[in-house]
Amino acid sequence: MITAKNIWKRYNDQVVLERINISVNEGEFVTLVGASGCGKSTFLKMLLGIESPSTGDLLLDNQPIRTEPDSDRGIVFQHYSVFPHMTVLENVMAARAFARKGFSGYLFGQAKRDARTAALEILEQVGLSHAITRYPHELSGGMRQRLAIAQALLGKPRILLLDEPFGALDPGIRADMHQLVLDLWRTYKLTVFMVTHDLKEGFYLGTRLWVFDKVRHDPQAPSAYGATITYDLPIGKIDTSLYEQIDNQLRPVIIPDEPSMETPTHD
Amino acid sequence: MITAKNIWKRYNDQVVLERINISVNEGEFVTLVGASGCGKSTFLKMLLGIESPSTGDLLLDNQPIRTEPDSDRGIVFQHYSVFPHMTVLENVMAARAFARKGFSGYLFGQAKRDARTAALEILEQVGLSHAITRYPHELSGGMRQRLAIAQALLGKPRILLLDEPFGALDPGIRADMHQLVLDLWRTYKLTVFMVTHDLKEGFYLGTRLWVFDKVRHDPQAPSAYGATITYDLPIGKIDTSLYEQIDNQLRPVIIPDEPSMETPTHD
Amino acid sequence: MKRILNIKPSRFSALCLGLLPLLICVVIYMIASDLRLEANPNDKLLPSFSQMGEAWSRMALTPNVRTGEYIFWVDTWSSLQRLLLGMLIAASVGLLIGLLTGALPLMGATFSPLITVLSLIPPLALLPILFIVFGLGELSKVALIAIGITPFIARDIQRRTQEIPIEQLIKAQTLGANTAQVLIRVLLPQLMPKLLDAVRLSLGAGWLFLIAAEAIASTDGLGYRIFLVRRYMSMDVILPYVAWITCLAFILDQVLALLSRKLFPWHVKGGH
Amino acid sequence: MKRILNIKPSRFSALCLGLLPLLICVVIYMIASDLRLEANPNDKLLPSFSQMGEAWSRMALTPNVRTGEYIFWVDTWSSLQRLLLGMLIAASVGLLIGLLTGALPLMGATFSPLITVLSLIPPLALLPILFIVFGLGELSKVALIAIGITPFIARDIQRRTQEIPIEQLIKAQTLGANTAQVLIRVLLPQLMPKLLDAVRLSLGAGWLFLIAAEAIASTDGLGYRIFLVRRYMSMDVILPYVAWITCLAFILDQVLALLSRKLFPWHVKGGH
Amino acid sequence: ARDHFKICWSIYVGWMPWGYAADEGIVSKWADKYGITIDVVQINDYIESINQYTVGEFDACTMTNMDALTIPAAGGVDSTALIIGDFSNGNDGIVLKGVDSLEGIKGQSVNLVELSVSHYMLARGLETVGLTERDIRVVNTSDADMVAISTTPSVTAIATWNPLLNEILSQDSMNLVFDSSKIPGEIIDLLVVNTDTLNQHPELGKALVGAWYETLAMMQEGAETATTARTAMAEASGTDLAGYEAQLASTLMFYSPQEAVEFALSETLPNTMQKVAEFSFAHGLLGDGAPDAGYIGIQTPSAIVGNPDYVQLRFDPSVMQLAADNEL
């Protein structure tokens, strides 16, 4: 479904991504991890169409991908993914309104009633039925992201892009969100790309894990080389030692051989 | 050194903390963990003197603690802990200037030269010697927090308060920061209170771990009861099962018995 | 003793403290006025409060012998009409221009330089031309206000539009929205509270232009009256009028603030 | 075809697009001017560019027969002096008031209401009092600018002071700083770029007040000249003067922006 | 044909009848009589009213003889002084603080509205004591603030008109050292009409003149309506009856058309206009194209002043004559 052919991405002199060659099938759930600033969001932006590769081709169904956002590709960002001036219900109904041709983006009459029904249904599904008249700023972070996901799904995208969707959430409530995303992924048969900074999360959720990293370094010119996909792992085929190797690369600790349980003696 | 006697803290009708009874000796390294919003920062603010207990006594050396910040107690916040309009060197020297009586907070002549020497020394210690002429916005997050710590130490506090000092840092660079804090704690013989949302971090760093949690709940009035210290654990005496129990309380996952390595089968 | 930096007065003492300087001003005025009137009972510069009260009641409570109108209220009503109409036009046009130039890069590139130039021209200097284009009726006064304020509002709204997180525009587009839908459904509503803020900020300038315009071509209005009696230095009329304008300005400001809170409950300062 | 929302012109085409409306304005003016001059060659309302050029060169390049001065430059110099002095005073006083009321809750509670009231009074209406207090010389013109601008700057700086993260004040205090040190070493420097911003924002009002003051009593200055030649409707002088004021306003604005960048390299928009 | 006209006036003692005439329906009555309509618009700012007239927004406007020359006539708008309403007979004056003779003005800063009739009067006054403008310093001061600034210590010399003059003189130690009664008939208050319009629509002139003299008759000393009319005018100009009467006292109103006609026919009018033209030229008011004071022709019944081939300002008493003959 999606194919990247030797993609490079530069901003001015800075190479952000290089030699990206991948191919993703319909229905896969890809999680992307990597150090901060290595280009994960940039890759998602190319999938979304708001950035273009500097060289190389990014194909969707063997066609160059559209270079502006459209309803094929839904997105949930870490922040600002819902419309702050609409209630929960309006946010979701707006997704329906935008899907219709029209000038104002407002719905009337039967179309409005239909949208309402559909919206209530999906809000039920994401567990927001009790909060439909609230504004986003009255929601907790978790509820806000549920709303963003519900909204994105109403656009009926084939591909769902998630850029650290739970990065701002309290770890205590993430498990629920994971469950939700997995349920929806199964129900709607989506292709999902999800960036996360938490290897455990990426590992637990995806069917396929990509690790972004720089393989070449020039100490004189740190921006001369970009990151690429150093691991492309089908989940379930990763053994513990590889997991720990990647984890250490992402979250080094001082005593790498006894990373957690052992108490260091300070004095 | 520090004693809390049955402290309660209320904001209007909301009880944030209740029945806090603790006693901390000079030189301890206390780490505080707990769910978001349970009152960890509030407790630190009381230690700092910018909030007062609603009832109960907070004593320092058996005297009521001063109700405004002073040089006994240093602080490092997650953000905004350094002065953005001063270079690294100036930031640290300012700490010296503030310690002297004076009107303007600027140093001149010999005092300035002395401060410079002391500043360079501590910057060496925190590994910022190469960046003394840079402004905070030109530093990475980690360097900024190093600077904040260096600055706080120059005030020669007896107690160092750290409120999620590494919360905004990339996990990859935290290990260095941990090492730094531990080194400084040993060198300066400080009493440290550090809030963290990462149990692993709290566990690894402290000599004593406090877990804040609500023990009483009233579903009708969620703010009727506050959090208290549910565990007060000398580190080194915690076994793995207790660790996991606390961890699960803070970061629940869907399959609690196989938290990380096992791949869930999605399809 | 706490550092003065850390001393926070209670609500009640804050209120008292806040009233103190106002009271002191009033007392100082009364003393100065008494002294001058003592020296010269015909002095017009600092009339006593009772003189001002008389002048005010003559204008506000006694019908004018010739026209039967209550001058003070007629002036107020005329000025408010002009001000509100002018602000309304400035707000609408400014909103439209700001939205389009802020949201559409093509429009922004085309019109931003023009707006910048226009915003720098002091409108007072252009008054003669204005009167010729818009005539001397109500239109020209309204036009001066509108022309003086619109560039400011347009630039402010343009900046506000650009501050709206790009994520929202992208999100709307991924839901299938076209340009018009994004403008009308996503951006426009979010700009409304910003527009009210901009209007509040520019009300002061609005009053200035109103007074200036009324001074030149008018037969009623608060600015007209001040200008008319200024020749005789009738401070007993001018001061109540100035106080009344100040008061109206305050009320308008508060009404707009209230409106913003009521109409846009989702608008929280600082956003989320 | 992309949505118009997503079409970004290149730098070069943005430049061309931006110049287009300005050019169109010039052309429209030329046509209108030609039409009027055709009908009446002595028409004064819309002089041709060559007439304006002549008038300008007469004032800027030829010494005045009576005084031997180059009027245009004398006017510019006088006005700039007044404007800059007035802004300087407004900035200093506004900074001081804003800093103290913003940083010290006691001062804030005491003076905020007074400043709010003062900021709402239209200064133009109080001109007579101003003249009596400050006399007729340069002082009164500078005072009008200062009095008109100070409340705005004070309120802006007050708000900015309160926006500085409380964490910094606490930090300074934990290092032993007293109130004066916090004010002078922590807050004041951080407010300087905000002050420049506030000054830039209020320059437009400053020009307005300057022109108004010069119109009332003066022997030179840009505003004086405009109002003087208005007496015989010399638009050929007025228009170049207005253009020049616009140009000066632009230059001043840019200089302040540059100054802010150079002097306060640590000041990044949005903070960190 | 056109049957709608607009005239404008501004607040000044000699022009207040226009406001009264409009309010009382006298203008519309006369306009009806000639089958036209006339809008009477009050404009606060005197200069703005003349500018508006000059650019063609209005068909007629009240102004002084000097401003009629320097603004519309110099701007290429051929204008006719239809009504000579009055001349200033003490309404404009020079006030010195502490000094009681005009010689004392030497070296002082004089506050006045630059390039206005006050300026002209000052120049004429200086001539009488052998001084020139070089001996003083002129400070342009807005008329609206003249009274306020007169109380400040730094202001020692003022040239201005009524009602400001009376206000200023009511203060201590203010001496009137020169006034327009010493140059009678040189500062003339007119109603000026666009010559082309007047030629095409003589009925406009007739209606205006008719309305004017009916109004003046109502306010004339001794008329039974005088008090009501004058009170209304006083109020409209922001003062009371006494204040307005004081201003009238120093204004020589031509209550009867015959007086005005005679004034127009007199030999002194061209002389006056010659002086005004010279003053205006010396101050650059005749425009950049003017090579000398005679550049613009001024037609009076007795003579043409300046260039006869470029007459832009005309004193034409013919309609007032009709009024005098009761033929309107």
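Going by the order they are written in, the chains are A, B, C, D and E; count residues from 1 in each one.
Keep this in mind: a contact is a pair of C-beta atoms (placed from the backbone, for glycine too) under 8 Å apart; a residue touches a chain by one contact, two chains touch by 3 or more.
All values derive from a computational prediction rather than experimental measurement.
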Minimal step count in the chain contact network, subunit C to subunit E: 1
Inter-centroid spacing, subunit B versus subunit A (mean Cα positions, whole Å): 32
Approximate Å spacing (C-alpha centroids) for the pair subunit D, subunit E: 38
Inter-chain centre distance, subunit B versus subunit C - centres from mean C-alpha coordinates, in Å: 48
Subunit A-subunit E separation of Cα centroids, rounded to whole Å: 81
Residues of subunit C touching at least two other chains: 3, 6, 45, 128, 132, 173, 178, 182, 230, 233
Subunit E, residues touching no fewer than two other chains: 51, 55, 144-145, 147-148, 151
Sites on subunit B at which at least two other chains make contact: 68
Pairs of chains in contact (touch as defined earlier), listed by label: A-B, A-C, A-D, B-C, B-D, C-D, C-E, D-E
In the complex, subunit A residues that touch subunit C: 48, 50, 68-71, 73-75, 77, 79-86, 94-95, 97-106, 135-137, 148, 151-152, 154-155, 157
Complex contacts: residues of subunit C adjacent to subunit A: 165, 167-168, 170-178, 180-182, 184-186, 189-190, 264-268, 271-272
Parts of subunit D lying in touch with subunit C, wherever the complex brings them together: 3-9, 13-14, 17-22, 25, 45, 103-106, 109-114, 116-117, 119-122, 124-126, 128-129, 132, 152, 169, 173, 178-179, 182-183, 204-205, 207-208, 211-212, 223, 226, 230, 233, 235, 238, 241-242, 245-246, 249-250, 253
Residue numbers on subunit E that touch subunit C, as the complex places them: 8, 11, 23, 41-45, 48, 51-52, 55, 57, 143-148, 151, 163-164, 167, 170, 172, 231-232, 235, 237-239, 243
In the complex, subunit D residues that touch subunit E: 40-45, 54-55, 58, 127-129, 131-132, 135-137, 215-219, 224, 227-228, 230-233, 236
